[in-house]
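Consider the two complexes below, in which subunit A is the common component and subunit B and subunit C are the respective partners.
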Partner chain A sequence: LSSSLAVTSEQIEHLHRRFKQLSQDQLTIRKENFDSIPDLEFNPIRGKIVHAFFDKRNLRQESDGLADEINFEDFLTIMSYFRPIEMNMDEEQLDRFRKEKLKFLFHMYDSDHDGKITLQEYRNVVEELLSGNPHLEKESARSIADGAMMEAASICVGQMGPDQVYEGITFEDFLKMWQGIDIETKMHVRFLNVDTIAHCY
Partner chain B sequence: SVSSIVPESCLLIVVGLLVGGLIKGVGEKPPILKSDIFFLFLLPPIILDAGYFLPLRPFTENLGTILIFAVVGTLWNAFFLGGLMYAVCQLGGPGLNHIGLLANLLFGSIISAVDPVAVLAVFEEIHINELLHILVFGESLLNDAVTVVLYHLFEEFASFEQVTILDIILGFFSFFVVSLGGVLVGVIYGVIAAFTSRFTSHIRVIEPLFVFLYSYMAYLSAELFHLSGIMALIAAGVVMRPYVEANISHKSHTTIKYFLKMWSSVSETLIFIFLGVSTVAGHHYWNWTFVISTLFFCLVARVLGVLVLTWFINKFRIVKLTPKDQFIIAYGGLRGAIAFSLGYLLDYEHFSMRDMFLTAIITVIFFTVFVQGMTIRPLVDLLAVKKKQETKRSINEEIHTQFLDHLLTGIEDICGHYGHHHWKDKLNRFNKKYVKKCLIAGERSKEPQLIAFYHKMEMKQAIELVESGGIGKIPSAVSTVSIQNINPQTLPLERILPALSKDKEEEIRKILRTNLQKTRQRLRSYNRHTLMADPYEEAWNQMLLRRQKARQLEQKMNNYLTVPAHRLDSPTMSRARIGSDPLAYEPKEDSENLPIITIDPASPQSPESVDLMSEEPKGCSGLPPSPEEDEEGLVMRVKEPSSPGTDDVFTPGTSDSPSNQRMLRCLSDPGPRPEPEEGEPFIPKGQ
Partner chain C sequence: MFLLLPFDSLVVNLLGISITVLFTLLLVFIIVPAIFGVSFGIRKIYMKTLLKIFQWATLRIERGAKEKNHPLYKPYVNGIIAKEPTSLEEEIKEIRRSGSGKALDTPEFELSDIFYFCRKGIETIMDDEVTKRFSAEELESWNLLSRTNYNFQYISLRLTVLWGLGVLIRYCFLLPLRIALAFTGISLLVTGTTVVGYLPNGRCKDFLSKHVHLMCYRICVRALTAIITYHDRENRPRNGGICVANHTSPIDVIILASDGYYAMVGQIHGGLMGVIQRAMVKACPHVWFERSEVKDRHLVARRLTEHVQDKSKLPILIFPEGTCINNTSVMMFKKGSFEIGATVYPVAIKYDPQFGDAFWNSSKYGMVTYLLRMMTSWAIVCSVWYLPPMTRQPEEDAVQFANRVKSAIARQGGLVDLLWDGGLKREKVKDAFKEEQQKLYSKMIVGSHEDRSRS
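Entry: the complex of A and B
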């Protein structure tokens, strides 16, 4: 398990302890267990995050849809998406590494699992991001999403005639959008400090 | 050309040398760069410019690394160099024997600090990637605290008879006092400045003054108490910037930007020229051993320091520093005018070898600036170091970055790990909840970052469009993607200008005629049966031209981030309509042929609210709204009473179509919260 997910045994220990905490010593976790984390309340996209844990595509299972509960192995699988980059990776490994992380993100945006991010889904993302501001109108979120979508379309497809319709952002387009940003260095969580374990209720 | 090989700083020094030589040749005594002038007038603008525009994200991400290089690196340099020079002096024969350990340590501390001015001057031109730039530059800024402490410490110790352990321990603590004290002073002044800017909505012209004043006061206050002035200045700039930018008008922002750039350019130029002049003018005492060994050990110390520290730092970094990076960091350790001024400050009484020190300092400065400065560019190309990517900040990137931030915070929470993101998130929340409310005026305090960013981008692009003339020169980067391409359900906008039938055209002409004639009169009622026979063809043609321009402008704006414009009619038309009737215009039931235009006033809640008209256009151009539809959809209600006296045809109402509104705002720039009476119309109202 350790080598396949490239997580050290120390980290596995720590995560296992955390898993036990969350699941209240059960073997599996359900969505409700995530409610016991106090800090997660403030997170605007908590719905998507929790959803991502149960998303079968992320769990590397063949089927689609949502799992009801996940065990520790699945938990680790999700966590492995956030491991930091290693020095000795070659080009190909690096590329795969990067694609994996981006795929995870892509699944978070693409909530209906159809393989592309439609305008509605993107609007949903922006609305959630702005959900911490109750007085804001829906219009603002929508127009930002529209503008962003137009920009994405122009990056991915370039010039479009008035009749062409841009269905949605596919994974390849998504990759293009992220080209400038080093996702492999940004999307990681440090597991260094194993002592600072927060407690749930 | 010369400037591509030789960096500007070198050329300036050469100019200074020439000028100094000239003055000396004439027989006058050339002016030397006095430390007062340098520290009080020449240095602050450069530092403020750097601090105010510091790219905060990379800086905070690499803060640990930067601090280690700045503090530990400088300490290492100072002691290593000081110690070795002492050894050299002991062995160096009669000329050098009398220089004590303390003097050497002092010399070491002066010469070891990487100079921000020199680094800026050289690194600006080579455009290396952001990481290296911020590492070297951040180091040069933060090592000021170390330099100040060491300098004052050794200077004082040199006048003591004996140095006890207690003194050393106190010196160690004074480092924390100096650096943290400096930062504290800066933060206090930054907060005061931000708070002041909250109230300047009525006197926008002096907004830039507050920024400069408070920053300079922070610097002076810190220097007064022997705290680190540079750190105070940086802290003040960093703290005040987000709040001040939210409060001040666009013009003030531009003013601040250009003034800072101007002052820092002038300062930089003067500093280098003065360096050249001072070289010619100063008394020099050249001692081969001393100077050459100084130079040699400086380089060695720097390289060793960087190597060892990087090895240590890489254990904790995610993005490790490659040997290439290390080389650039070591090579980029330039010395500059700060070292010279500090050396100049030494008095002869305690330091009889001051001239020798100064000569050595100048030699090192010249070497680093000329040799290293000139060769760094070809070396960067040779080693294929990553260069700065000119990425345009896009709304997509912003969304993704924020999403990622929240995601990582969430994962950290789930893991139960209080990492970076957790604390950053907490800080952000604290900021949003308490600090922003105090320091930002009005509605902007509640504006989330994404919205603020979006508006900024929109403004920028609107201004670009307006500046580019709007017609003809369509920049090639513009794509023709418009809202139909992504959302086919929205009704196509092919008819921004409705094709008017003959009757309607006649109506419109009449309106124009009546209004053009009656510009000086107050219209109380609109009577479309008062036909005037005079042909106002010119006005008509002009109007057509404007319509065309506006249409192209809109089309382009539609392709950008702007909310799609679902306007029934062209802005000029709606202006005409408003202009014609200051009273609320009641759509007549039988006026099926007239496009109904009513304008929704800008919501007071958010001054730059993105779009208030509902997206789905119900009543389309030319079609009468079906009776069961309510008055929303695409009807724009005339603002009640817009202003008596708005009888000029082309006076835009304050609640005009959003893109024009924004355009107006750019041009007239009343600031983040325009009161209705502040928005200046395009064309001055008739009396």
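Entry: the complex of A and C
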């Protein structure tokens, strides 16, 4: 029983309660508040995910950099990147929807906010994702990242000359790489409808 | 001074008469039926009346809230978001398949891999499974127990009066009644089993001990005003088997044991519990361990196996979760009981939280406080489902078998099946689990990378 509607007032109520739980009844959340979620410790890129909440680009603010704390409105803004598709969206809306979600992911890679994913940033992400394995040496992780970056370059720029330097993956190139993957149907969190408790009599 | 005397004796007389009347009523309506396993159906009528009152109270609160134009707090039991049941590997494969169309036998790092972890992370931030399970399940209707309601501000005068009346009834009438019953039940158990213990071993002794145990459990059930519905009683555990059930409170034992004959397993305690345990074991063999023996897993397994192999002994009752969970989900079953190799009879117990919250949060309440809370609730309503027996298949190991049994129980009771370890309530996340997801992913990537670099 899952609803694929946009966020209703009930759901906002839920998120608000969750926000209060995380912020321990304060008006804003800081990075430290995310430490209280045990499941999140599993996640190898938790640093980047938490970071994404405070990233001013995701918060649609004019300035750049990181916010120190976010309020409930900001929390909702971030959550809206994970809205499921609405039934009545047209082509243009769908496209914009998709770009927004991909932009969110792009910001996760591009940690210095310069609009490009450089080799170093790419390596950074791969290392984090593979950080759980204690037997993996830094060199292996690095070579994996390098290999993947080369692939990315070949997709985006085609064959490069021997002295051409690939600066980094821009957002347009990033979009190219996600072609064919319908991210808009996968990158969402669905709310459940009312549950029924098993009746005992 | 003189004038007080006749009143004095009058009061004493009245007191004496009322106590006698109370006791006779107790005996006739509660204790005697308990001994013979008969029921007058009083509890069912009581339950129906209570339900009607609760519904009325909830309607009043909703009306009150509407008048003040404020949304009511309506908590959802099973979490607010739908989590995808697919595993890490499946999801990543799917994304890659639809993306670059790369062959799946040469997996390597893809830009899109970050997506799976990102989504999982956001899901956890929105709604955390584990910590939710450990606080008492939040209710959707008000059961006049102020302990579990957050919509207090919408209560009118009428409701407050009703609530006050409820408190009075529960604490001044029901509580002493229940304590008296519990006392009777326990003392009968201790004396009965001790007496039976003097008989020579044989069929007569077994018969009597079974019935003494049963009678006392039935009295205790009435002491808690537990209204239990048993389903599928033909699947009840038999001798030489192990009965496995999900654990919400210490009352589970009483609930199950009042409908069948079981041998208990547990650690010997001091005090009253110890007295009861020692008396019980005189009448029929239970498996009690000393505190030091509990740590020795092989010893425990050996004694359980010995018990199970003796077909004349009663089936063992075990709660493999190891701790009390709040009855909305079933957590990981510890594999010890599943290694023994006996037939497992799963039982699902589901409490209806409307009448009283049976969950024992042992980090919050001690045993005595918990029992008092139980005895001052309206009633304990639950359902017990006896599931068909299961045995370990040759190709599965103890852990897989345990998980299979756990899913069967969770499905039957309408409980959510969770992989988490119940011990999480008190400890922090075990490091082994933390590593698993990351290891799995890195294995996928690195393993293949090494193959490629070799070739």
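To be clear about the criterion, the second predicted complex is superposed on the first by the 186 of 201 C-alpha atoms of A that agree within 3 Å, B and C clash if a C-alpha of one lies under 4 Å from a C-alpha of the other, contacts with A are read in each partner's own complex, and residues count from 1 in each chain.
To be clear about the criterion, contacts are C-beta pairs under 8 Å (C-beta built on N, C-alpha and C of every residue); 3 or more make two chains touch, one makes a residue touch a chain.
This is a predicted model, so every value here is computed, not measured.
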Checklist entry - Based on the superposition on subunit A, does the combination of subunit B and subunit C result in a clash or a fit? => result clash
Next on the checklist: Looking at A:Glu13 after the superposition, I want to know if it touches subunit B, subunit C, both of them or none. Which is it: first, second, both, neither?
Outcome noted: second
Checklist entry - Looking at the overlay, what does A:Ala153 touch: subunit B (first), subunit C (second), both, or neither? => result first
Item to check | Partner chain in contact with A:Met187 - subunit B first, subunit C second, else both or neither | outcome: both
Next on the checklist: Which partner chains sit in contact with A:Arg60 here, subunit B, subunit C, both or neither? Use first/second/both/neither.
Outcome noted: neither
Checklist entry - Should A:Arg142 be classified as contacting the first partner (subunit B), the second (subunit C), both, or neither? => result first
Checklist entry - Between subunit B (first) and subunit C (second), which does A:Phe42 come into contact with in this model arrangement: first, second, both, or neither? => result both
Checklist entry - What stretch of subunit C clashes with subunit B when the complexes are fitted on chain A: 112-120, 310-318 or 328-336? => result 112-120
Checklist outcome for this item: subunit A positions within both the subunit B interface and the subunit C interface are 15, 18, 22, 34, 37, 39-40, 42-46, 49, 79, 82, 105, 108, 125-126, 129-130, 132-133, 136, 140, 143-144, 147-148, 152, 155, 177-178, 180-181, 186-187, 189-192, 197-200
Item to check | Complex contacts: residues of subunit A adjacent to subunit C | outcome: 2, 9-11, 13-15, 18, 22, 34, 37-46, 48-49, 79, 82, 105, 108-109, 125-126, 129-134, 136, 140, 143-145, 147-148, 152, 155, 174, 177-183, 186-187, 189-192, 194-195, 197-201
Item to check | List of subunit B residues in touch with subunit A within their complex | outcome: 316, 318-320, 389, 391, 394-397, 399-404, 406-422, 425, 429, 446, 448, 450-451, 454, 479-488, 492, 494, 559-564, 605-606, 609-612, 615
Checklist entry - Can you list the residues on subunit A that touch subunit B in the complex? => result 15, 18, 21-22, 34, 37, 39-40, 42-46, 49, 79, 82, 84-85, 87, 105, 108, 119, 125-126, 129-130, 132-133, 135-137, 139-140, 142-144, 146-155, 157-166, 177-178, 180-181, 185-193, 196-200
Next on the checklist: Which residues of subunit C touch subunit A once you look at their complex with the stated criterion?
Outcome noted: 47, 71, 74, 76-82, 95, 98-101, 108-115, 117-131, 140, 227, 229, 350-353, 381-383, 413-414, 424, 428-429, 433-439, 441-443, 445-446, 449-450, 453
